[in-house]
Structure formats: C-alpha cells, structure tokens
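Order of writing sets the chain letters: A, B, C, D and E. Residues in each chain are counted from 1.
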C-alpha cells in the first residue's frame, strides 16, 4: 500500500476534525472532533512506523517501529487523561449554566 | 589603582547619587532641602577640583576602568575630557543655583523632590562623563526618568499629558539610538577575549561603509534631535516647559537640552563623518529654518515660559547648524555656547519663576511696570535678556559670534538667513522686557515686592558669570580646544 | 486489486464517512455512536498494519472506556435534539471553506513529496505485538511511563477538584 | 615709546568706573556727587585724550594689545586698542563734547529723583565707554562691541522715562533697526574671517591693499564694504533705516545732543573712514554710498521743512547732515566727511542743547507753534542758537561752511549733478533752520500765560556748554581752510594724511580750477543766504493757524508716510506669518501630527481588540486561517 | 533530573497532605519547604553538572538531557516560583477549599516545566507540555462558582486540546519525514539543505502549536480571556513560569531540531513576531482593567521573546533566559500587588502612592522593568534580544518595529504609574489592606532582585556556561 493513501486518509480525518471544531457549538461535540484529530495522528504514526519498517533503517534498527507505536500508546494515555479533565470542566460548566454551548458564556472579550 | 584625584569622574556621579538616595530615606523635608543643597555644593567643589587635572590623559578615562558586562566587552568607563569638564562644570554649577533660587518654594513631600533632582543630576553627570557607548545609553535614559517623575508629580495643570508626550517621544528616540549603538558595536573590533567592544575609542575606530553610515546616522540623529530639540521634533518642549515646576524646567532647558548637543558632538560627528558630510546641508537647513520659525513663534507668545522655550529652540537650532558646519571655529563656539546658554536660560527661568511666584500669572499681557517695584530684579533680567540676545561682552556673544562665522564658512546664505534670527530675538526679548517691566503698574503688578536676598545673590552670581565669560572666554577655549580637535579630527 | 486494498479502501471510506457523520449529526448521541464507528475503522487499519496491540488498546480505551464516558455525560445532560442552537451560517461556511482549503493545501504539498520509502509494510512485521512493545515500554520508556502516571494523578486530582461539591 | 600711550586704556576705563559707581551706588549717592563723578571721569579722560592727541600729532601712533579675546583654531582676536590720528581726533570730540553735555545734564536732569539721576549718569558714562571702545578698537570685533554697546545705551537712554510706553516703543525701534544694521556689520566681519582669517585693521588693509591673499576678488571687497555700509545705515540713520532717529527724540534732550547728534550717529562715518581703503577699492560701493547719502540728505531736509516739533526738526536735520557726510565718503572726500563730523558735532550739539534750554524754559513744551519771541527772555541761548543756525546753514566763516563746502567741492569733481542736488539740500537746510530759529525766538510769544510767566534764562550749567560750543561752532571750521583761501590752511587734512594715504594713492586727484571753486562757493552761499532771509521774514511773523496742511505739505508733514509704508510692507506680514506659524503649522501641523500618531494608536487598538470576540469558534477560525497563511508562506512561497 | 523527580514526588506529598490535613495554611508551608529542598537539590546538580553525579541515577535513555544551561534556567524558574509562593501563597488559600490540591497541581506543572526545559525527544516534549497544560486547565477553572473562571477553563481546555492535536500531527510528519525515523532532536536535525516537504509541514505544525502555547499571534486568542478569567494568583503563575518554560522549550526544540535550516523558516517567525508585537501592544493600549492589560502585555512581551527564535544564536539563548527571568520577576510582583487591590481597573490604582507607598514603589519598579528602562532587568532582557536580532542581521525593520512597540508599551505601563503617583484616589470607601510587613519586604526584595539583575546580568549569564 502506498504511504500517500494513509497520509491522505489521516489528513482528511484531521481536517474533518478541524471542520467539526469550527462548525459546532456543543462543547462535547467539539471535544469529540478533537478526538478524531488525535486518532488521525495515531493512524498516521502507525502507518509511518510501518513505512520505516520497510525501509533500510527499519532493517538496521527495528526499535524505530516500536518507538512510533509506543508514542501512539502515550497519545492514547494522554487523551484519556484529557478526557477526564475535559469532561469534568464541561460538567462543571453545565452545573453552573445548564448549557454546553461554547458561546453561551461570553463574559470575556475584547 | 587610580589616585584619588583621578577618581573625579566617579565622584561626580556618586556624590549626587548617594545624596539623592539619602534624601529619599530621611523623612524630614527641611533636612532633605539642606542635604540637596549641601551635596550640590560638594559636587561643585569636586568639579572645580577636577579642573586642576584638566587635559590629564588618565582623567580623560580613555582606558578600561571597571569590568562590567564582560561578555559584551562593555566596561563602566567614564572620564572627563575638556568638553566633558565644561559640561559637568555647568551641571555642578547649575544645581546649587537652582536649589538656592527655589529655596523658598515649598514642595509637598520635598524629600522625594530633591531626591529625584539629585538623581537627575547624577544621570546627567553620567552622560557627560561616559566613555563607553552602553554606559552612555544607560545614563541617557536614567537622566530622563527622574525628570519625568518630577514633571508629572509637581507640574502644572496639564502636566501628565505634556510630560508623558515628552517621555514617550524621547524614549522612542533613544530606543532607535540603542539599535544604532548595537549595530555599530557589532562592527567594532574587540580586544582578546571579547569579539566587540562598546568603548568610545573602539567606536571611533570602527570602519563603517558609506551605506551603513547613512542609515545609522539617522538612528542616532533622531534621538539627539528630539532631545535638543531641532525643528520639527520640538513640539514636546514648549508644553513640557510650560507644565514643569520651575526648578525642573531649569534643569531641562539649562542642562538636559545640552545632552542632545553634547551627544551629537561626542557620538554623531566622529562616528559618521561621511554621513555628516552628506546630510549637513539638509540638517543645517532644518536648523536654520527652525531658528527663524521658533523666533517668529516666540514673537507671538503671550506666556513667558513658552516665549523662553521657543527662544531656546531658536538658540539650539543655531548650535546644531554650527555643529554641522563642522568647522573648528563653529564647533568651538558651540561648546562655548552650551555653557553660556545653560547659565543664561537658567537665569531667565529664575526671573520668570520669581515673577510668577509674586504675581501668580505668566501672561505677558497681564503684567507691566514691574521695574518700579523691583528695580534690582529688572536690572538682572535686562542683563540676562541682553545676554540671551548675544550682546557683546556677554557670554552668549562669544559663542554665537563663532558659531555664526563657522556657519558662514559653510555657506553664506545660511549664515545670512540665520542672522535674521538675531534681529527677531531682539524683537521678542525687548517686547517681553517692555511689556513686563516697563510701562505703568497695573492691579496685578501693584503688589510686587523687591526680590529676596538669596535670589539677589543667585542672580548676581549669574550676571557676574555672564560678564566674566563674556570678557575673558579664552580660558574656556583652552579647556575645550583639544576635545574639539579630537571630534573634528575624527570627523575629517 | 488485492484483498488488502479492498479492505483498506473499505475501512478508509468507513472512517471518513462516519467522521463526517460525527460532525454533521444534530443529536449528540448519534455523533458519539458514529465516532465509535470511526474508531473501529481505525482499529481495522491498525490490524491491517499488523499493530495488534494498538488495535486492541484503541478499541478498549477509546471505543470502550472513553466513548462510554462521553455517552454517559451526554446522557446525563440529556441534550435533546435542538439543545444546540445553530452557529450562524457564515461561520459554518467559513469553517468548512478554511478546513477544506487546509486539506487541499496539505495534500497539494504532500502528494509531490518524495518520502524515504513510499511503500508501507502490510500485515507482516511483529514489532506491533504486545510482547515486543511491552519490553520496549518497560525498558526504554520507563521514564515517560512514570511521568504519565504523574499526568494521570494530576488529571485525577483535577477531576476531584472540579467535581467535588464546595461546602 | 612714552608712557601716555600706555595709559590709553584709562580713557575708556574711567567712564566704565563712573558707570559702575553711579550704577551700583545709585541708591546712596547724592545728586551732586553723582553729577560730579559722572562728569569728572569724562573730564579726566578728556584731558588724557588731549594729551594723547598731541602725542599722536607728533606722529606717535601705536596699537596696544591687552589680552586675547578669542584665540582658537586659526582665529585670533585680541582685545587691542589702536591709537592714531583718526581715533585720537574722535577721542577729542567724544570726550570733549561728552564732557560739556555731562555738565549740561547736571542741571537739565535736576528734577529727577536721586536714584534716577544717578542712573542717568551711569547710562551716559556707559555710553561714553562704549563709544570710546568703538573708536579705539584695533579690529572690527572690538569695534563691533562698542558698536552694539552704544546701540544698547541709546536704547536705555531713549527709554529712560520707561513709564511712557511710547518712549519704550521708540527705544525698541531704535535698537531693532540698529540690529538690522549690525547684522550687516557682522556678516562683513564673518566674510573677513572666512576670507582673510583676520579682523585686525592693519592686517586687513595690508592684505587687501597689497592684495596678498589669493582669491580675494573685487567682489569680496564690494560685498564686505556693502555689508559694512548696511551697518552704517543702521547706526547713522541712512535710508532705509533712518526712521528710528526722529523717534529717538523721546529721550532727554542732552541724550539727543550727545548720542543722536554728536557722536553715536557718526559711528558709521568713522567706521567707513577707518576702512577707507576698502571703499576706495570698491567703486560700486562708493557710488552707492554717495547716492544713499545724498538722497537721505534731500529726503530728510524736505521732511524737516514741515516739522513743528523743535527736536524733530533738529533730528531730521541731523539725518540730512549725516547724508552729506556719506556723500563725502562716497565721493572720496574722507577728510571732508571727518571734518564735517567734527563741525557737525559742535553745532548740532549746540543746537540741541539750545533747544533743550528752550524746552527747559518752556517747561517741557516742544511745539514751535507755541513758542516765539523767546529772544528777549533768554539772551545767551538765543545768541548761541543763532550761531549754531548760521553754522549749519553754511554761512562763512562759520564752521559748517568749510566742511560742507569741501564735501560739495569733491562732489562736483565726481559729478556736477551730485553737487547740484547737494546745494539744493543746503538751501533747504538754511530754510528750515531759520524757520526754526524765527518761529522760536522771533515774533511774539504764542504759548499759554503761565508758560510765559515761567520763561527765564537757563542756569550757568546749561549756558556754559552753550557758549563753549558756540565758540567751537564759530571757529571749529578754521582748522580746514581750503587751499584757495590759504595755502596749507587745511591743518586737519595734513593731520589725517597718514590715515587716508593709501586711498589717496589710488584716487587720481584732479583739483578744480580756483575760479570754479570760487563760483561753487558763491552759488551755495548766496543760495543759502536767500533761503535764510526768506525764512526769516516768513516765519518771524508766524501766526498759529488751524488750517490743515494739504497736498505736498501734508505728505511732508507725515514724513512721506515712510513709517506707514514699513508697517504695511514688513511689520504686518511678519506678524501674520508668525501667527500662521503659531496657529497653523505648530498647533495643527507638527503637533497635530505628533498627537495624531497617538490617536492612530488608540484607534488601531480599538479596532484590533474587536478580533477578541470572545467566541471559541471565531478564535479557532482565525487560528486556522493563520495556519493556512503560514503553510502557504512556507510551502508555496 | 533531581528537580523533575522531586517536584513530581512533592506533588504527590501535597496531594496526600490534602487528604489528611484540614488546616488550610499548612500546605503553603509544606510547599515552600519542599520548594526550598528542590532548589537546593537542583543547585547541587548545577554545581556538579560537570562531574555529572545526581541523586537519582535513572537511565533515561537520554530522553532528558541536562546541561548547565537548562539547569540554570530551571533554577531561575524555581526561584521565581518560590517568590510566587511567598508573595501570593496566602491568596492561593483564598481561591477555594482544595488548597493542598492547588499546590500539588502547581508542583505537577513545575515537573512539566523541568521536563520541557530538559527534553531531548519529541515524546518528552509532548508529555511535558501536557503535564503542564492539564493541571492548568483545572487551576483556571478552580474558582468554580465564578462563571468567568468556568468560561476561561472551557476555552483554555478546548483550544489547548486543539493545539495538542496540531502538535501531534506535526510530530507525526516529522517522524515520517526523517530517514533516521526517530523522535530524538539531534536525530531529526539533518544538516542544512532544503528540508523535505514532510519535515516542512511538521515544522510548521509544531511551530503553530508552540506559538499557541507561547501565546504568539495569531494563536494568542485564548490568552487574554484565560488570563482574565482565571483566579488572579494562578494567572500570575501561568503568565510567568509556564510561559517562560514554554518559550524555553520552543527555543530548545527549534534550535536543536531545526537550527541548521533556520533560514528556511525564519520568515514564519518574522511574520509571527511582527503580528504578536503589533496585536499585543495595540490591544493593551485600550484596556481599562489592569489584569487584562497585563494579559495583553504578556503577549507583547512574547513578541520580544520571539526574537530569540528569530536570531537563534548564543546571545539569543542567554537573552531568553535573562528576559524570562526579568519578565517573570516583574510580572509576579505586579500581580502580587494587583491581587491586593479591590478594583482591578486602572482608576483603582489612583493615589496608591499615598495609601501604600511601598506597594506603589515596588509596582513602579516592576512596570519600569516591563517597559525596559535601564537599570532594571527588563532593559537587559530587551537589550540582549535586540543585540541578538541585530547580530543575526536579517530583517532589521523588525527590530525597528520592536522598539517602536516598546515605546507604545511605555504608554500603557505608565498609565498605571501615573494613576498611582499623579492622580488622586477618587473612591471615598477605604479598603482594608491585607498587607503584612513581610509582604512588603518581599516585594522590595523582588524589586531589588530586578535592579541587581539590571546592573549585573552576569549573575545569571555566567551560570549558563558552567
């Protein structure tokens, strides 16, 4: 499989995520879009790792492949932590204003 | 290890600095006043003492004294050459005058006031003694800060805006100069351990290409032009003078303005000879136009302070023009005139202040007939005013005479046009004298009383100085001759 | 057209399609579900790339734990369909345009890029297996591992601070 | 070298001392003391001057160097005095006449309160000091110092009664107009410095005369002389800068006599006579000088015809006489000019003092229309005044005749037309002087009654100077008897010979045949005589009429409207220009720009802050746009 | 290394303390004590850096690389934090009930600071940035009742997460682009010569995400709102130590990984710097609330700090350390004063010089330092930055722009000074001042530090090359 397809796929997902962030007002949905972006990254990293595996470097020092995959693992870890905090924040906001609309609170401007 | 005698440059900075900080510490306002006066006299003494070592190579500090920012090849390098000595003398001489003259004015929290005054003095001393570009820049800014506080704390009605304009204006200018300094610094050849050096002589020996000079010149010149100020950078000045308390105005116009002129002589001319040669016509043109312009505006002024301010702009314009004529006689005249103008304008301010204190107004149109009430004041003022219009045998004549002839050497027409300003000067000065002092007294001036003893003493000191320098200028020339040759020697 | 390719294209289309659904659905619950689908598709890709460990983790952590958390929150708030007032059309349009042009720009730059090796090793290669990764993780990556434990601690503290009732 | 020329510094120094004593001690000095000190110092310096004069007469001239005034970088200006025939002669005039006028003042100013009295003498001494500086200076700079010094003193003395603002304005006018001239003088000095590098008289004349300096062309000489002449215009009240002198009559009368008749106003003549060589070498300038001088003479004379203020008439006559002197200088009759300066000093001082005595008697009245018939009240004054009039009218054997005639004769050599106009002016002089005389002393008294009953002859202190001056006015001219009358009769010429030697070398003298010379004298004298008699008859029976002057008369009475002209052409435009600068350029233009920058920043800030909309969506959108831009810049540019 | 581990450990300690100790004022002392300990440990490591003996000999596979340079930086940051604790500790207690947790979170952030100061691989950078960000999201929202705080937290979190995504994308492309297929900085760095497109893309994405964290325009939008909304104490912390650390990481990343190809991406920095300077300064001019003004000023200062990346030479590195130190000290100080005010608007400062001369004086020093007046550390920072930029030699117009912006900055900083000294206080209501003598002394010490650094910046710079 050509790497460029993976790149295309990842970038597409990434941009979809961005578009989502841009077009939605529901904090939770925006957050989910960000998760999409992260997954695009993960996919790309794994694809690259396999690309390198097929390359000379992969043959010489196999660890490069696992490096990337471990990185993906850490990304997932961090993402999980972020979700915990993020949802906590959203919930707190919801408690105060009974809305998850990011434009609902707009005291801070200019 | 230097002998004590050759630590004069440092002493000149330390004594006001320490005294200034002391003023902040001591609570009593009376004592603050005393401390200020005392220290300023000490400083004067030091400055006189330093004259004995005039021309001493070690004194003129062209060698590293203290390591400072060694990674940058900057060093706390200060010294006194002829010009520096003249201006430090002016500074040291002015402050006691100012303190005594305004001794009866009571400022609220005076200790802060006098503290800041002394800090300003320290800064000025630093500027005049700096032999290292970075040190120079440091003091250049430091002199500004206390003055800013003085103006906006103890100033007049619209003080905050006026002085703030002044501050930002000059601050922007000096930052541009900082860039220039850095750029030149990077062109200098340093000694062993550091690549470059900020030392004055390193700067003097820096090889700059023509194009470099041409834009660097402006970075420096704008900063100095704002400080001097030269048309069209002058608009901060009248407002600031109008708003500042008298004592500060004296410092501003008497000494601070000289910083600009001094800096042009010390840093601009020797560094960028080609640029100077290229732009001299333009700048002299500006200055000369500024002279006429300021004089004409001065004729229209009804506020004493503004009038003096504009007349000062005109005088500075002449200095700038004479500098850029880069003839030795003209520059010598400028050095002379820096001193004379400092003294005269301080005298003028003292008189203006006295009048304002007694009558409460500065409007020329509201005054009149003071001569009946205060003849001594009048005589003093007339003498100072005559010095201001450069009557022979007053100090200003010598300077202006030489500046004009320098300018004349440069270009006949510039000299001729600039000459018109001496006529205009006569017009507005005599107008002022007539309207304020002659004629019948009116309701406002009826209550004017003769001035107090301390003021008499101060004014007579000034008058004596005026005539002394006016009749025997030669000693001052001998003092500054070498410095001028150095400047122009680099300039050639 | 080998089977791999077919699978790849299928998964790709599935991922993108469901991702699009995520951002277009009015109802948050639907979005969440479509997101789960996307994750599954991506896990499929992992398997295709022979990175089983990640595939599993992805399903367990993401599609499992995290999405459940989301779902839970959404449900708790029971945001009904028109809970979310629409962003004004201009903003949406601008968003789409800019996102799309970002995509175009990136692709335009990347397609003509020559990478070290254009082919990707499919199916084979055992680096992605749990055993190898585990060893690397606890031998070479012990420090980041520990640090990320700190990360979790802070997240935990945070969650507590956030959600604990002030008395 | 004998000691007297070592002591010359005392001559100016003594007046300075007098000035200091009177000035500083003015609160404590009694009037008498002040007067004694004031006149005493002058007397001493007069005696010294006489002594010096006779030394010089024995050909004992020298330059005394005291200290370096300015000595830097190729410019060396010493504080030097030059004692030679010319300066010593002027020393005599200044100190001599000066002394008399001091004496006169002691009585004339007696009504002042003591401290003003002392102040007055202080000023007067200061004036003498500066005047002496002016004539003794051995280079143009020292001369300039004196030059401006006398200007200052005239300013102070015109505005002596400073309560009256018109007087102050007159004083200011005088100073400023002098300043205009001084600028010319200064520029000339600068020119010398830049071209020759020296301002010492002997160096300059030496360099120029034997043209030692390369590239010092006739143009330079012309320019320098012209500029110097501008200075002279200001100081000696020539067209176009003469209008200050009549106004200067605001000052006390002795001041007018000393400064504005006898000494200061002749400074211009002195300066040109001093630099005669340069002028001789610049024919163009000479021509200009002659024309300006002559036209001034005529113009002033015409104005004088119609003035009714006794001092104004004298003032204009002074202007006119100065015109004659410049005519003399212009036609190369340097001796004649100096000669006329001398005689003029005598008779004009006399006339002014006489007028002063009259005014004193009339208790301040200056309008001739209210005078008349004073002859019988004040004999001495009348007699001396008559002598003065005859002298100025150029009646032989009075001093004025010789000097004026010498100038006219040279004028004729140059060009008969000059002579013709000159004579015309002389006739007018005779006319208005005797108009003045007749209106004042003849006919019957036209003033109020208490004035009439106050009328009295002035005290000795006033009449004594009058008498002395009258004698001088009568006999002063005999030092310059023309060749035609007596061979070698022109003592003055022989005395001044060394000064003008170089010029005379250059001037090809072609003396007139004696017949012509007799003819010329005859014409001028007879003409003057006719005018005199006519005026005498006409005005001895003058009656006050309140019919306003018309036509030319009105124009003359209003001094050709010159003041109005200047006001319209120079003062007003300057005023409006400065108003324009102050209100438009300064406030709106430059300061407007400076503040504009500040405003712009504020405005910009107001706009930029709108980016901060507070909506996450907008923020992210802007970020993405930023990302796009960066990508495009990085990848495609 | 010492600091990294100890901060993390102390964070846990405090966390537990929070569980068992109910007294609100104890945690502060624990924190200060711990911090002193950590500073000592770090200082020791710095002294012995050449011997390379450290307390915890963990083989980290060189994922964290300590040199005198970054150890000095860490020391500076820890000292700033200490001052922060000393000055504002009491105010942290006022924020909410979970005092110990707040301190714990701050220590976790410090751990992140140490990591990003020493990271040697993109993985550690990522984790470091996250371990800084996540606690900050919480601290921002810690004032739970306050809607502003909520809003700030939400905005910060969403945009932070977004930028994290961008950063990861960048890392992915970098990884894909390098033959060495490694996350280690030195491996990524492949000599001069045209970068491959993938690297370029990755670089841009990293640049963007770092600019976001460093609040450089046009990615600064979160800064004003978050700084404004967050509890003031934490704003003070965020705006100083965190920002400084991010900048340090920024510089470290781009110098080590992309230094050789700097000419190819300098234009981006130029754009960002110019935009940051202009937007930051211009917007600050308008602000009426000092707190928000300081937020914008922090953006403006970031513009100056970006010169370090613009120049990317020795002077730039020294300058950045100096600048961050000066900036942090001054900002911590000014915020410490601000917290004491009832009224955050500029008018609230009117006549402070009369009521609280010491506060006013100290605040003046801080503001002068921020303006960059000589004799204050701020000047040295700016001076070094300008020096570096001019040395670099390209785009001198940017330097001119910078100084003009500095002149503008004088405008808004001096408005406060004017208010304190030259205006009369208008409010009749006398506020009771919670100002202890100790606080005043500490303020003065901070001011003194600033001036000392302003006179002898060598004190820091000499340590950088031990």
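Things to note:
The criterion applied here is as follows: contacts are C-beta pairs under 8 Å (C-beta built on N, C-alpha and C of every residue); 3 or more make two chains touch, one makes a residue touch a chain.
Just so it is clear, the structure is predicted and the values come from calculations on it, not from any experiment.
Listed here as common contacts of subunit D and subunit E: A, B, C. Listed here as common contacts of subunit C and subunit D: A, E. Across every pairing of chains, the maximum count of C-beta contacts belongs to A-C. At the far end from subunit E, in terms of centres built from Cα atoms, lies D. Greatest Cα centroid separation from subunit C: this falls to D. Averaging C-alpha coordinates per chain places the centre of subunit A 6 Å away from that of subunit C. One inter-chain figure worth recording: subunit C and subunit E are separated by 32 Å, centre to centre, where each centre is the mean of the chain's CA atoms.
Distance between chain centres (mean CA atoms), subunit A to subunit E: 26 Å. Subunit B and subunit C have Cα centroids lying 71 Å from one another.
Annotation for subunit D: residues 598, 609, 612, 614, 616-618, 620-621, 624-625, 627, 631, 635 touch two or more other chains. Across the assembly, subunit C contributes 87, 91, 94-95, 98-99, 102, 106, 109-110, 115-116, 140-141, 144, 148, 151, 154-155, 158, 162 as residues in contact with two or more other chains.
Under the contact definition stated at the top, the residues of subunit E that touch 2 or more other chains are 123, 127, 130, 134, 137-138, 141, 144-145, 154-155, 158, 162, 166, 176, 179, 181, 197, 200-201, 224-225, 286, 411.
Of all possible chain pairings, those that touch are A-C, A-D, A-E, B-D, B-E, C-D, C-E, D-E. By the touch criterion given at the top, residues 18, 21-22, 25, 30, 102-103, 106-110 of subunit A touch subunit D in their complex. Those residues of subunit C whose C-beta lies close enough to touch subunit E in the complex are 106, 109-110, 112-116, 140-144, 147-148, 150-151, 153-155, 157-158, 160-162, 164, 166-167.
Those residues of subunit E that touch subunit D in the shared complex are 154-155, 158-159, 162, 166, 197, 200-201, 203-205, 207-208, 212, 217-219, 221-222, 224-225, 265, 267-268, 271-272, 278-279, 282-286, 408, 411.
Those residues of subunit D whose C-beta lies close enough to touch subunit A in the complex are 609-610, 612-617, 620-621, 624.
For subunit A in complex with subunit E, the residues that touch the partner chain are 3, 7, 10, 14, 17, 21, 27, 30-31, 34, 37-38, 40-41, 44-45, 48-49, 51-52, 55, 57-58, 64, 67-68, 70-71, 74-75, 78, 81-82, 85-86, 88-90, 92-93, 96-97, 102, 105-110.
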